[in-house]
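In the two complexes that follow, subunit A is the common piece, with subunit B as its partner first and subunit C second.
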Partner chain A sequence: MTLTYLKKHTAYARIAMAQGRRERAELYGRVVFFAVILGVFSSLWRAVGEAGLPASGDPRALVWYLAATEWIMLSAPQIHLEIQEAIRRGDVVYRLGHPASYVMAEFAAGLGATALRMPFLGLTAFGCAFAFTRWTPPLSAIALFIPFAVMAAALLVALYLWIGLLAFWLQDVSPVFWVTQKLMFVFGGLMLPLAMYPSAMQKAAAFTPFPVMLFAPASIVLGTGLVRPVILARDLALWGGVMALVVQWTYRRAAAGLTVNGG
Partner chain B sequence: MQPAVDLYELSKSFRVRRPRSGGIGARLSNFIAPDVQAVPAVDRLSFSIAPGERVAFIGPNGAGKSTTLKLLAGILQPDAGEVRVMGLVPSRQRTELAFAIGTVFGQRSQLWYQLPPRDTFELLGRVYEIDARAHARRIEALTAVFGLGELMSTPVRHLSLGERMRCEIAASLLHSPRMLFLDEPTIGLDVSAKAAIRELLLTESIRQGITLLLTSHDTGDMESVCDRVIVIHRGRLLWDDSIAALRKSFLSAKRVTFWSEAEHLDVTLPGVKVVSSAAHRTELEIESGATPLGQVVDAALRQSSITDMVIEDAPLDEVIRALYAKAERRCAT
Partner chain C sequence: MTRWVNTLRFARALVTTNLKAALALRGAFVMQALFMVLNNFTFFVFWWVLMRRTPTLRGWRLADIQVLFGVVAAGYGLTVTLAGGVRYLGQAIEDGALDTLLTQPKPVLLHALGLRLQPSGFGDVLSGLVFILWSGQVSWRTAPAVALAIAASALACAACGIVFFSLAFWVGRVETAARQLWELLLTFSLYPEPLFGGALRLALFTVLPAGFVGYLPASVVREPSIQNMSMLATGAVLYFTLAVLVFDAGLRRYASGSRFTTFG
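Coming up: the complex of A and B.
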């Protein structure tokens, strides 16, 4: 990878950040939504804890867990919608004709938007989690969690990129996106740590990329030692590689399809 | 001299599903074993364009114009035949070719919608690996030529279509391409915006020696910008010559309008018919070759003194319509 190649695709990240700064309303909307759901769930887990239900060991930890998973989820921009629109409108012909990798350009743009959102949503996540629980996990655990959250968000961007590429075949990729969201919910442990799920579900989840996107990094923030950072780094690299291959393969099929079925 | 574009027997087909009509059985077979047919979009197309030429590339809807442009830009791969653009094979050397060509698609946009054009221009500078200083100078020059001034810092969503189009064309010229492909660059523009775009394309092409290949359904674009026209129909070459030659070949008549002191003129000559007649105004259509124009004018002068006279060719639109109609008839037989 040359410096020119890197600069070229970094430019896509920068312009996506600039575009994100112009779309403040969406960012503010996400911040408010995030604060509301953390408020609702902190009340819920507190009520569950006070009722003595065996849902968790510590309701405060669950609120921090949710703050961590939602931070990752909400930071990743829904680039599949932008890709779908570009394909529908035909604007994609410009990008396909540029001397840059289409896939890398879209991925970099997604990362740029993520980089803009993460600080705002991170402050919301940790600020609200602290405000609602009056408690913080070990600061070292939070510090360790942050780079993993960034990597997990990048993996999520790659997943949305893949969904967007399906627009070369599908009129509407929303159904695929919603199925993926449900799988995140179930196998990613969006609301509750996977460790609290039935063992069969935990075993099934291990074959999907969703736990490394949400459950595993979010578990680190709790500092319980449930997930070892080295193992998580390895799994993120592994799933990152798998995702890169799948995205590239899908793009090649899409480009071939374009040439067979018309533009 | 190496041609800017060189096509030889270029062909491209697309696979199109033809759904069977009928009940549930037909629907099921459509799903399990769809009837897929190859539809030729470009069919053994050959032509060559010299550097610096400005060529109109026209044809009716579905003729294969956009497909040809995408083949030339390396976005699509040909099924057969050979194609070279600036000496490069687009399907194999797409990235190298991207540095040598620019593309403008009238109904598409490469500008980031929420941002001012300047941001997209900066991005393109990186994408096309242009030295920062040279890029700044180029932006300055194009801003002056295209009159972009304040537009450069106005978000694209606030620009009119004409303003946006000027920015799109300037964006496509940022990396100083030697060839520009334009797909309906004036579509949807008002008369003055069209005129401005045509003027800019013509002057920039001449000034920078840029080869232009322009598709348009607007004959004004062709007449104002191009000196040669290539017509395709159902993916095949129908006509390749100058616009003047096209007119000459397909122009079967001239129109002459007289304003006379006499209330009516009665010019009875072979191949001359009255198109319209009003008080002191007579419009005639004269079949080419039937009666020399001078004889018609003499005949009119013998009847009355003439206060004014206009001689016109048929509009290019009619010429092209005649060409398409002829091609359709040939296909039908």
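Coming up: the complex of A and C.
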């Protein structure tokens, strides 16, 4: 039963990977966007460094920090858009009859697309960060960061899945996505390490899953010792469990209340 | 002359119709606009945190960045409010959806641009104006300069959108690449100009004219002068004229999609 279940959903992941390989334009676009963002920020951090003010510590480390957070962010496909469209068009109704869980199938497809993107974007992240800074953090820190980045990206996929499911009630989930993205920006420490934010914001961030997705894994690259790998693994597992429960509960509520208008 | 007046009346009718359609779903309209305001203010937290620690970045202060951010947000918001169809231009060309517009007596580009309105654009315009006012760098006397800066930013932004999405006339499926190019334009527009040097700065005033979307309009708001204002207006009009020419050249290559569809 478990093996069949696993095989079935692995097939969704494989299909998503195959689709991703066929439609490379978005991936190339993300690679270019990533390189540009790192270029812009390396200029910004250089300017901050020139200002000679105690803003940030080492500007080179901050470029690597951004490379790490953006790698996680850009690797997770925005599956909420496809889910939203499926719900809007009513296609989701046909999927409910499939002998596979709709939620798990979408999650597996999201993980498949992530698996395809991560190597390309990882090379872009580390290649560009090195090109702009002429410096690398200790390789052991990078090696430790990679598995945490993969787990964080999977958690992000689950978050996008949940946002997509909200289309059962909201029709257009873009506003929820924008706000989540910005919360990730602020509470996740997408561009600036959380340690640079006012303490009230740091305290508020601790109650959200966003630091675990971005700030904590990326801090491993900085090698500041602020984050302990064991604690991070525990937090990722904890938030993963919470997310799984929330997604399942949301889906059950949606499926129970689903009214089919035509077909 | 009558033709121009008729075209303007048509443009006004498009905007009014779109607005009525958007307001028909009042809840969704308000929510999208409000969430965009929230979105823009959250993004600005980054600058607020950074500039608390580093008050001046190559001569730029927080107030200058507020003006830049405000002008770009308001300009972009105006574009997607009045010419929201620009984002769907590439898809329309690729799908042959311009067929229905070609049979209409009004300019195809104007019609295609005015077919849609993004409610979130109102949130952009609102937050843009708040950022500009909050900067403390404007007064009633500089209001015309602010209006010119936002209009020019919107014109340059729309011009770039038209050019990027019109590439579909030549290279086919270009939706993703064009959208990302447009996002790059906005990304560059939102950061202070002195961060970029050399060839990149030249590119930002030519190939990817972020200079006309953000930096130059922002400098008009901060230091209005006849020279600045005329340079901005000329640049924006030239870019828009170029965009119209590119679209017209592309339209001559346009192959019908032979679509049978209802319209209106």
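We adopt the following convention: the second predicted complex is superposed on the first by the 257 of 263 C-alpha atoms of A that agree within 3 Å, B and C clash if a C-alpha of one lies under 4 Å from a C-alpha of the other, contacts with A are read in each partner's own complex, and residues count from 1 in each chain.
Just so we're on the same page, a contact is a pair of C-beta atoms (placed from the backbone, for glycine too) under 8 Å apart; a residue touches a chain by one contact, two chains touch by 3 or more.
All values reported here derive from a predicted model rather than from experimental measurement.
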item	value
Partner touching more residues of subunit A, whether subunit B or subunit C	C
Which of subunit B and subunit C A:185 touches, first, second, both or neither	second
Which of subunit B and subunit C A:32 touches, first, second, both or neither	second
First, second, both or neither for A:15, with subunit B first and subunit C second	first
Touched partner set for A:244, first subunit B, second subunit C, both or neither	neither
Subunit B versus subunit C as contact partner of A:233, first or second or both or neither	neither
First, second, both or neither for A:98, with subunit B first and subunit C second	first
Contact residues common to both interfaces of subunit A (with subunit B and with subunit C)	none
Contact footprint of subunit A on subunit C as seen in their complex	28, 31-32, 34-36, 38-39, 42-43, 45-46, 49-50, 53-58, 120, 173, 176-177, 179-180, 183-184, 187-188, 191, 194-196
Subunit B to subunit A touching residues, read off their complex	14-16, 41, 66-67, 70, 73-77, 94-96, 98-99, 103, 105, 107-110, 112-115, 119-120, 122-123, 126-129, 155
Complex contact set, residues of subunit A against subunit B	4, 7-8, 10-12, 14-15, 18-19, 22-23, 89-91, 93-100, 258-263
Of subunit A, residues touching subunit C in the complex	25-26, 28-30, 32-33, 36-37, 40, 43-44, 47-48, 50-51, 53-56, 171-172, 174-176, 178-179, 181-183, 185-186, 191-192, 196-198
